[in-house]
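The structures considered in this document are given below.
The two complexes that follow have chain A in common; it is paired with chain B in the first and with chain C in the second.
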Partner chain A sequence: MRDTAVQTHPSLALHRPRWSRARLRRHAVPWLFVLPILLINLLVVLGPAVAAVYYSMTDWSGIGAADFVGLANYQELFFEDPSFLSAFVHNVVWLAMFLTVPIAMGLIAASLLAPIRRGALFFRLALFIPYVLPSVVVAHLWSSLIHPDRGVVGWLNERGVPGTDIALLGRESTVLPTIAFIDNWRWWGFLMVLFLAGMQNIPPDLFEAARLDGANRWQEFRDVTLPGIRPVLVFMILMTSIWSFLTFDFIWIITQGGPAGASEVLSILVFKNAFQNFEAGYAAAIGITMSLFVGVVISIFVVLRRRGWEI
Partner chain B sequence: MAKRAGPQQLAAVLVFVLLVPVAAISGGSLATRAQDKSTITMWLDSTSGSETAECRIAAAVDPFNAQSDSVMVEPRLQPNRWQATQTALAAGEGPDVVYTPGPAFATQVTEAGQFLPLDAYAEQYGWNERFAPWALDLGKSDGVLYNIPNQVETLALFYNQTLFEENGWQPPTTIDELAALSEEIAAAGIIPFAHANQEFRDANEWFIGEYLNHVAGPENVYAALTGEKPWTDPEFVDAISALNEAQQNGWFMGGVDRYYTTTFADANAALAAGEAAMKIEGSWTVADLNTFFGESGSEWGWVPMPSTSGDAIYDLGIGSTVSINANAENPDAVAEFIDYLFTPETQARLVVECGDSPASVPLEEDALAGIDPQYAEILVAQNEASAAGGYGYTVWTFFPPETRTHMIENIERLWSGGMTVEEYLQDVQTTFDQEVADGAVPPIPNRSLTG
Partner chain C sequence: MNRPFGRGRDLSLTPNYVVLVALLIFSLGPLAIMVLNSVKSRAEIGENPLGLPNDFEWSNYARAWEVGNFSTTMVNSGLLVAGSVVGVLVLGGMAAYSLAKLNLSGAGALMLFLLVISSLPIHLFLVPLFVLWREIGLLNSFVGLVIIYIALNAPLGIFLLRSYMLQLPRDFEDAARVDGAGEWQIFARIVVPLSWPGFLTVGLVVALAVWNEFLLATVFLQDESKFTVITSYQNFATRFSRDWSLTSAAAVMMILPILVIFLIFQRRFIEGMTQGGMKG
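Up next, the complex of A and B:
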């Protein structure tokens, strides 16, 4: 019975809707539209990515031929090179700072600005403007401002204000948090604008209902605002985590990783190995490792989402 | 209603009609001339602005293009030229005339087979007679010439002469005198050395190189570079200890944190204002000194960097090298331009008009008329040192790249107490041994070679 059910009459086979034109169009046409970008992606993303994996297992100097060395670069990276571990720790510290300070500042400022109607544009612009300034300008501006012999801090130092005689960017204990502060000064306004946009999409009825239920400002923020902007918040936490492993510009401009490697992060190591030490294969191994760290962060988000977390 | 053309409009039309054929003829002939010439490319670094690059074009490229019947050089301003060049060479591209930041970098590119041998051109154009032998030796790999060393530089002790005269201080000649004077200057509430590395961490290598050559002696540095002596020997321990002591005493800009966060402009301003007394730096600083001292009304002076023996030692550095890209379509044309670039006349123009350091070619004294007299003195002294073979070895010229990076970075760990002098030198030795095995050490000219 089963056999007969699956058998098809020869005449019917002839008239089978032959991957009918409509069906073909439905399935194939979208692929045709996607094909150009897919090809470009293969060429400029997947190709170099595969090449980077290959070069990470060679002794390539960055120019000329490369000899395959297997996992020797990774062995050196994980077991012999203390600067790698040190740079990784700095990236983790950087991540911790950027997952807390700017996000908290952005949330607080956005929730304070959200109810403001008069002069709202002025405040938003004022807080957003640092984000459009080039990082090289911001870096030099702040390096001068906080220098104990010039700028605002220098002026205070001249007048004997305690604690202003410290070159924050010249001490190993303070250099990384100081650069993070400068980078954050530029970054948090952008977060604030995103959070503000998210808050303005929350239906006002929800706030009204919360107030009718007797919620105070904190309860309103915790139970209405935060859930309302969760997609934006989670996305920015994810992106901040990724960018924290890739950070380069401010550190390079201000200290180039110094003093004594106290602000050296993985991307600085990649640059130095690739362009100063002629160790492009080793630099590729560091780059691949950075990608793995980022992959781990993304995987955590994916797993949590699959487990039902609304993120 | 149509307007009638007035006399002025008619005159304008007439001028246009007359000029078009003239422009077409002259433009056509120019175009034809340009087409007849082989076009070669070169990149000029414009990371710190385009002024110097444009000056070099005016002093070297434009005159060459005007006088050559067969070659046309197309210059391009390129920020971060070295990084761009590395990337382009890796892709089999890049300019025909390739610049590297020095022999250590050039060696790597040569090993990768990206440069053409120059021996035939050296023969054809007489470069072997024109350049100091030690300089051409630096451009060789396995005895074959690939790179022409450009911009020979040296370092010296610069000081605020007015401040010295006011305080009755004498410029030191020995390392002991330098240390004693530094103590005296610091006791007077003045910063002994206007040293800083905020904008350029690699500035550390200036002081490492000076202390190695002037405390341990250039013969010992030569022996270590050629593998006849380990870097961990007591002479080098003494040298690095002396450098560490200077930093720990707060002699460099008043303390290590200030050293890391002061710009060159602020350091020069402090020196000119008499807030600092001296600085060890390369001959390239003369233009800045003239600017800052000109504003302050004080005078600056210079002496050779003091040494243990009291002998004048000039550490030689090569600011860049010039080579022919292995993928150049017309290497003969590139060689013709390189020959022109290194004629004494072109080098003199680059020195006088752009403040460049010259290559190791003989320069006529008349051709250098107009340059700062103290700069002229330094050039003469460095040329004499190079000719006599009694020179020292700068880190960026004679040390392999990874050893150089370790030296620059770990000296900060030493200064911060994270390393001892012995650990620092052991790391130098380990890294150097590895680079010797990898063939990454630049060719060290035989010390007996003289100009």
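Up next, the complex of A and C:
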């Protein structure tokens, strides 16, 4: 607009175009640099996410027209569908397992590795390696290892070792912890490296001081190491809480939610409803609900922090 | 042994090494078993699933390459990785440059937007995205999946590249600006060459994420000729689950490129992935 105004007033031509070009450079050019990635993200993430809110209130099959049904999907989800409650419980069990086992393993290994000089790089690298492997390879490798007819467990079973004749992935009582174990095998080394980096940032004189005060290993860990890595630890507890409601890959690859729904989590329900039962509207409602759980987790952390918890 | 202070426990690291070696065996043992089993015959695995192979059955690899259709899937995965890495580096690098160097009005809002976008669960937008891609003909298309990978990996890339570019001295840019260079020239000729380590880190992390990706590749590439090494292995390993030597040989071929590149660039990988974990 200003440029056209400038052209109709030759008297201003000396000053205005320069001002206008500078203005363009300052305000428009920076946006041109972010525009492509912004448009792609609107197309791939934000647009479909907003559409999901609408579709969750329809009876849409994924093809053709969608009839608006209000909150009927949510009503079915919360009050009529037993698989939703059971999947939610499995997510909570998953959360409990991942808040304890990998974090404990990561903390123990990192605090053992932190004082070591010889071979430190080698240990760090070797324990990190499972994290770079594809989930399909890890899943099938461990499925074979623990299979009672073949693999290591089968080999032990043939030699009469008690407790090795169980199909851990085929029983409703053991399937979920077993998949969590396999996922954790790949995951915990990553936590260890994060914790180790945090521990190496703790000033060494704090450890010296603890030693001079006669602190034992446990006291040193509790009073120096843990407070020192608190930001990393709290952040990973937050991320674990979020990811536990979204977990998908290992369960889908290994059991697809079976046997008899014993390893079904919310993401599996979304996948099955969308691509196997052709209930896209219902799947969208589950997706929205998962996002709400994530929102609740984040809100809890924000509220605790506002209340003055040092997290 | 009279020590004035403490119990002298700063001396003995032996217990540390014992536990760490046990954890090392836990982490690498299964991989070692996989590599050993990849050269055993099917008959031998049943007898001897743990030990060294008696005979080296190298033909397992040729058979796995053939049956697993690796000549196609490796190319497919390579194309997806290349497209996604280039896309994230170019488009993410541009955005990072704008955020770090150009006084973008609304930079704070944009950062918040990227943070929110990158924390939305995939399962929230998966179904509408699938239908949208089907409607506009991007289903079963590498371009279609690359666009999705770029969108999902760009926020992390932008955060890492932005913090890298913020550390660069302004002198070179200012000199170029005085000489009348445009912003694109400054970006392409000065800022990118100076921040190449940041670009390398982001490129490696994105390449690994795309090479290993499972869910989206399963949903968006359903044509068997378009399968990636990952989605094809899922079918292959399920079909041949009884043939452990074959699935092991295929797995070794899939992870060998990853491990070689990871070991060469391990410091950049670990730095990029841990910072990504902390920020993304």
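Couple of notes before you dig in:
Rule of thumb we're sticking to: the second predicted complex is superposed on the first by the 265 of 311 C-alpha atoms of A that agree within 3 Å, B and C clash if a C-alpha of one lies under 4 Å from a C-alpha of the other, contacts with A are read in each partner's own complex, and residues count from 1 in each chain.
Criterion: a contact is a pair of C-beta atoms (placed from the backbone, for glycine too) under 8 Å apart; a residue touches a chain by one contact, two chains touch by 3 or more.
What you see is a predicted model; the values in this text were computed from it and never measured.
After superposition onto chain A, the partners chain B and chain C occupy overlapping space and clash. Once the two complexes are laid over each other on the shared chain, residue contacts for A:Pro227 go to neither chain B nor chain C. In the superposition on chain A, the chain among chain B and chain C reaching more residues of chain A is C. Of the two partner chains placed by the overlay, chain B and chain C both lie in contact with A:Gly62.
Once the two complexes are overlaid on the shared chain, A:Pro259 sits against chain B while remaining clear of chain C. In the superposed pair of complexes, A:Arg150 makes contact with chain B and with chain C alike. Once the two complexes are overlaid on the shared chain, A:Val294 sits against chain C while remaining clear of chain B. By the touch criterion defined above, A:Phe275 reaches both chain B and chain C. Residue contacts after overlaying the shared chain place A:Pro203 against neither chain B nor chain C.
Residue contacts after overlaying the shared chain place A:Val137 against chain C, while chain B stays out of touching range. Superposed model on chain A: among 2-10, 20-28, 56-64 or 74-82, the stretch of chain B in collision with chain C is 74-82, the rest showing no clash. Touched by chain B in one complex and by chain C in the other are residues 62, 143, 150, 275, 280 of chain A. Partner chain A is touched in their complex by these residues of chain B: 82-83, 86, 89-90, 105, 108-109, 111-114, 197-198, 201, 255-262, 266, 401-402, 405, 409, 412-413, 415-416, 418, 440.
Residues of chain A touching chain B in their complex: 61-65, 143, 147, 149-150, 166-167, 169-172, 255-261, 272, 275-280.
Against chain A, in their complex, chain C makes its touches with residues 5-7, 9-10, 13, 15-17, 19-20, 23-24, 26-28, 30-31, 33-34, 45-46, 49-50, 91-92, 94-95, 97-99, 102-105, 110, 113-114, 117, 119-132, 147-148, 150-152, 154-155, 158, 183, 187, 208, 211-212, 214-215, 219, 230, 233-234, 237, 241-242, 244, 247-248, 251, 254-255, 258-259, 262-263, 266, 269-270, 273-274, 277-278.
Chain A contributes residues 25-27, 29-31, 33-34, 36-38, 40-41, 43-49, 51-52, 55, 62, 105, 108-109, 112-113, 115-116, 119, 123-137, 140-145, 150-152, 154-155, 185, 189-190, 193-194, 197, 211-212, 214-217, 232, 235-236, 239, 242, 245-246, 248-249, 252-253, 266-267, 270-271, 274-275, 280, 283-284, 286-288, 290-291, 294 to its touches with chain C in the complex.
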